[in-house]
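Down below are the structures I want you to see.
In the two complexes below, chain A is the common chain; its partner is chain B in one and chain C in the other.
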Partner chain A sequence: MRSMLKASVAALATVVALTGPASAELTGDLRINLDTSNPAPRATMEAMIARFQAANPALNITTTVIDREAYKTQIRNFLSADAPDVLTWYAANRMRPYVEAGLLEDVSDMWADGTTIANELASTKGAMTIDGKQWGVPYTYYQWGIYYRKDIYEELGLSEPANFDEMLSNCEAMIASGRKCYTIGTKWLWTASGWFDYLNMRTHGFDFHMSMARGEVEWTDPRVRETFENWGKLVRMGAFVDDHQNKDWQQSLPFLVNGEAGAILKGNFAVAPLRDAGLTDDQLDFHQFPMITEGVAMAEDAPTDTFHIAAGAQNKDNARAFLAFVASAAEQTEINNGSNLGQLPVNATSSIDDDKFLKEGFAMLSSNSPGGVAQFFDRDFPAEMAKAAMEGMQEFMVFPDNLDEILERLEEVRQDVY
Partner chain B sequence: MFPKPIEKSSRQWQIGYQVLLPFAMLLWLAPLIAVALFSIRPDADFSTGNYWGIPSSFEFFTNYGQVINSAMPRYILNSFMITLPTMVGAVALSCMTGFALGVYKFRGNLLIFFMFIAGNFIPFQILMVPVRDLTLDMGLYNTKTGLVLFHIAFQTGFCTLFMRNFIRALPFELIEAARVEGIAEWRIFWYVVLPLMRPAIAALCVLIFTFIWNDYFWAIVLTTGENAQPVTAGITSFNAQFRAMYHLMSAGSLIAALPPVIIFFLLQRHFIAGLTLGAVK
Partner chain C sequence: MATTTSSDHHLPKQGWYKRNEIAITPWLFLIPGMLMFAIYVIYPIIQSFNISLYKWNGLGTLADNAKYVGLANYEKLLFRDGKFETALINNLKWLILYLLAIPAGLLIAIFLNQTVRGIRLYKSMFFFPFVISQVVVGLVFTWFYDPQYGLFNGIIGIFGIEPVNILGDRNLATYGVIAAGLWPQTAYCMILYLTGLNAVDPEQVEAARLDGAKGHKMLWYVIIPQLKPATFIAFVVTIIGALRSFDLISVMTNGGPFGKSTLVLSFYMYEKALGEFGLKMGYAAAIAVVLFLIMLVFIGYFLWSMYQDEKAAKH
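Right after this comes the complex of A and B.
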């Protein structure tokens, strides 16, 4: 039974997802640790686990839900002291410390060429890969991009910018009308790094951005400076709202809602509060961050949440079956729909909700992001580097003339960190 | 040193005082008023930037209903289950330590007393890592017992100082008289000293209750889950992954603030006595 399971995990996924318990019943235990502590995602996850339980009635599933923030500090602890079988976490560099400490199970077998997972989840294979091996499966992600006030753009006769020059000229028109181009709240720093991600990936491309993340590029490199200079053009013309360093991202939304700013660079999670605030889908629209350097392939930020198997797990076969279940198109469709997570399924054969922004995001990520999919600055860069860099970026957005000093400081940090 | 009563100042001063007072109070209470206002706002008001204006709709029942139907009652119960045993434990222990240190003269008395006080001089943040490791090793991490034991241990220092000084101020003749009668020492403690300590015990109970109820630091260091976390730490569970739910957190904080406020008004006399007891001998 067990060896058969191991041999045909991919086939099993289909069996479990489509035909139910009849042919492949799992027995024994399965311990799952979740960080989805907020009410809605929690209900989603619990419902998904209940479906897995229904498909495998003989399986004894124990679920532990840990507060999302506390989870981040506890993960190392429980992985080494009291390993669950399955756990939630994040892709790319965020899983690197645990991979390097040997705390996560290598699941490359599930990603082998020709398996369902390899075919259907190809867009995130890179994000799940460290040292040529895969260490988990993704269950959801969401797009980043520019959410803008279509009604204001139309009023000023502007259209979605196709390149950086149009972006700047749009912005000039916006400023001339007494508005700001972009709202942002950099109090918690990460919002600024979203701008850096895009400006850097559009100026020099995904591969350059990732080699920076790996610490292979000096921060004082002229190419990095070029990215910051593009950013500086926006900062110096007054594109961003004033006093952004004192606002969190939610406090930056009123500018967009009240028409004092035209757009925001943000993840898809901004849509819900903007709709709550009364913006209709006719007023709010989405476009991909425009091209800056011609010929550089478009790449996107799409933070990915994942499931992993602990290296110390007791029930790895059951855990693999669960991961395959999570990766299946049917489950990904279900857990990502509007009444659940309201995000994008990673499985390319999943269907998505009839939601304007999810559709645009799904189309963008599956067909218009040839350069690659990044995880977001603070997930791609090591924590210490990210912290120092994000502080520098916030400073740059307030005092663009301090650039030299900031870059030199960041270069010192880079030499310490890597 | 003491402020002159306002009735004794000139008419202009009195008018100025009366005009300024409401404004000063408004300013002083602004954060609290904001929280109260936030707690009846709909979520959308935070996205439209309507922080201080009239709420766009009145959501008192929705917000508070949501709070009551969430894990909040569980967290509040946890708070009680942490606060009350701590209060009883710390006060009971310190009555005994205070009696021992205040009544008996033995070598090292002062040294032991100083060690109790010394605990209060350690900034508790530096204890964070060792205490966490200790509770983890003892299997008490993320349990109410762990939090209670730590609080008792840490609060007993301050309580002992308080009790010892109070017992010192009692007329020693009472104890001597009891000894002359040949009463056992524990009976002296129980029948003579303890009844005299009642005001100190009441004052200390109120103080410790508010200290522990409002503790946030240890709550997030030593506990993580719904099963053990008190309300101060649990309040953030309203937040969604990306969004802070200001309206629900405000409503939750107001509910969480009620028990200490009620206790304060019920035992106001003791509370003030408690703050001044150690000061004026």
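Right after this comes the complex of A and C.
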């Protein structure tokens, strides 16, 4: 098995080497810091770097893999003290502090009109842009949506909801059958903000959501309250599993696997553990978050993970070559396929793996998300606002009656942050 | 007299160091320690004070990227921050309830202070929670409290009490974490008392017994006064342990639920400075300074009482 894998990697490397741009061979060093510490992403990244190495045998590549959670705090140390050449991070507001502190390299040249990246990765240019410049290249993204137990829905005679009323009536049927409608674990807070993203974008639209992210809307605004009241309908009817405030998202999955809850709102990364837990593709299905306000264009969350060059990098030419390599259609096809990341390639000319959820997610994002594509609450909103808001959302999901107090508190934070 | 004069006579021949040996040698021995203390304790304290006067996200240097804001961080922290208030109250709960480890430790120590076959094994079993990592203690208690599968709800269920989600309840969560902390801390106090009990003078016990003292009178008037040094150390480590409680909170609740239910100052400081959504170094430094001042009260008291003891010992 191992030798087969090696052989195929080597074969692929030759293909890439043969088809890759016939640029001058790279020499010197390239230091890469990765946050892809989970087994599958780690193997994917290491295989990709091995292919880059094979194409540039004279290059001396050093890779450091850091635990994904620890990376989020270590990034500020290594960016200022011991900058690598290339590093992984996230798009949109999540990279803003580092851009503003001058720690990331401006790579607008790679995105200039007419370049391959500008043509093939155009869909994410906005998410990579701060102050009119681009600060990295994306390598993967994934859809969010509702993953549900098709077999349970069929047993209860339910179908995918087309609007919020159907969502509520489905939920009533689900509760009547002794189940919960949605499982969630809010210990780490961000899962709750996924619900806010969707409820807010469906109630008032993408543009309203983004103007909130920019701090232009008061949290005490009646429109924000309306979003929370829609959410409150679900909370008050007991749609969510109990005691979610001290479960992480992995601990929320068994409810779905055991059939104690009918669905989960989650990113596509939930599919792999659900399949591992024994759910077949006949049992598990996906649908877009249903419409709430008629006439509001559908908009989706699709977080994008990215590669950047550190401003203090020693080997910026090599780093640029690596970023171009990561952005290429062939690489993005390979690293995002089902046996690697199992996500969507950003490059428009890449092909999507033959996987039910990836195909459905891609179709949704490319043709049924006219309103726009958001990154995710904690990537779109500034860190301090996001943290306070997510705490408030967790509280709201347990004590919906505290809404006034929560919104006033968040409004105070908003005035401080922006 | 004659010898003194002769030695005086020899003095000028000795080097400067030889002449001042008695005065200088202690300082020479102290220098490495003092240097370390200055670099790793005194300097960071001053630095924290300094950073707490700035608005700084921890990126780049203080000189380039920070904005001087005077005492604004303290003003916000002390008067407009509900989380700080909760953290302070929780710290107080920790301080008071953590002291329960001292009598509990004493009780177990007295219970174990006997010569029975295999007593060493029992002692090490009781000491076990102190040896394992706080992270493991936190995990064990998290499972113990689990509202669905946890042992705790199973136990109270026997008495017909409804299941409670201790770590998910804003009022109970802190007590749940403190109880987890008490487990290893009690073991620590127990060890201190066990060594203390070895030093109890058997003659005094014998004499008290002849005078008819027994039971809790013996304990209170004869044993405990002799355990004073152990009690003092137990008190010090427990207070300090309560103020630096961090690992358990991080593992069990991450400061939550609802953003602040189990927050204490040390964890709040971490959250603001180094947490995932932190990036507020100046504000976190202000929290650190407040925590430092609170600790200073206790440390000052400990140093003062140690100084008094030494003075008394000299007389």
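In this text, the second predicted complex is superposed on the first by the 395 of 418 C-alpha atoms of A that agree within 3 Å, B and C clash if a C-alpha of one lies under 4 Å from a C-alpha of the other, contacts with A are read in each partner's own complex, and residues count from 1 in each chain.
The rule we apply is simple: a residue touches a chain if its C-beta (ideal position, glycine included) is under 8 Å from a C-beta of that chain, and two chains touch if they have at least 3 such contacts.
Everything quoted here is computed from the prediction, not taken from an experiment.
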item: Contacts of A:125 with chain B and chain C, given as first, second, both or neither; value: neither
item: Which superposed partner A:391 touches (first chain B, second chain C, both, neither); value: second
item: First, second, both or neither for A:276, with chain B first and chain C second; value: first
item: A:66 touches, of chain B and chain C: first, second, both or neither?; value: first
item: Chain B versus chain C as contact partner of A:246, first or second or both or neither; value: second
item: Shared chain A surface residues [contacts with chain B and with chain C]; value: 69
item: Complex contacts: residues of chain A adjacent to chain C; value: 69, 72-73, 76, 79-80, 97-98, 101-103, 186-189, 242-243, 245-246, 378, 383-384, 386-388, 391-392, 394-395, 398, 409, 412, 416
item: List of chain B residues in touch with chain A within their complex; value: 43-44, 46-50, 70, 136, 220, 224-225, 229, 236-237, 239-244
item: Footprint of chain A on chain C - complex, ascending; value: 57-60, 65, 76, 80, 82, 142, 147-148, 165, 167-168, 253-254, 256-260, 274-280
item: Chain A to chain B touching residues, read off their complex; value: 37-41, 65-70, 74, 77, 248, 250-251, 253-255, 257-258, 267, 269, 272-274, 276-278
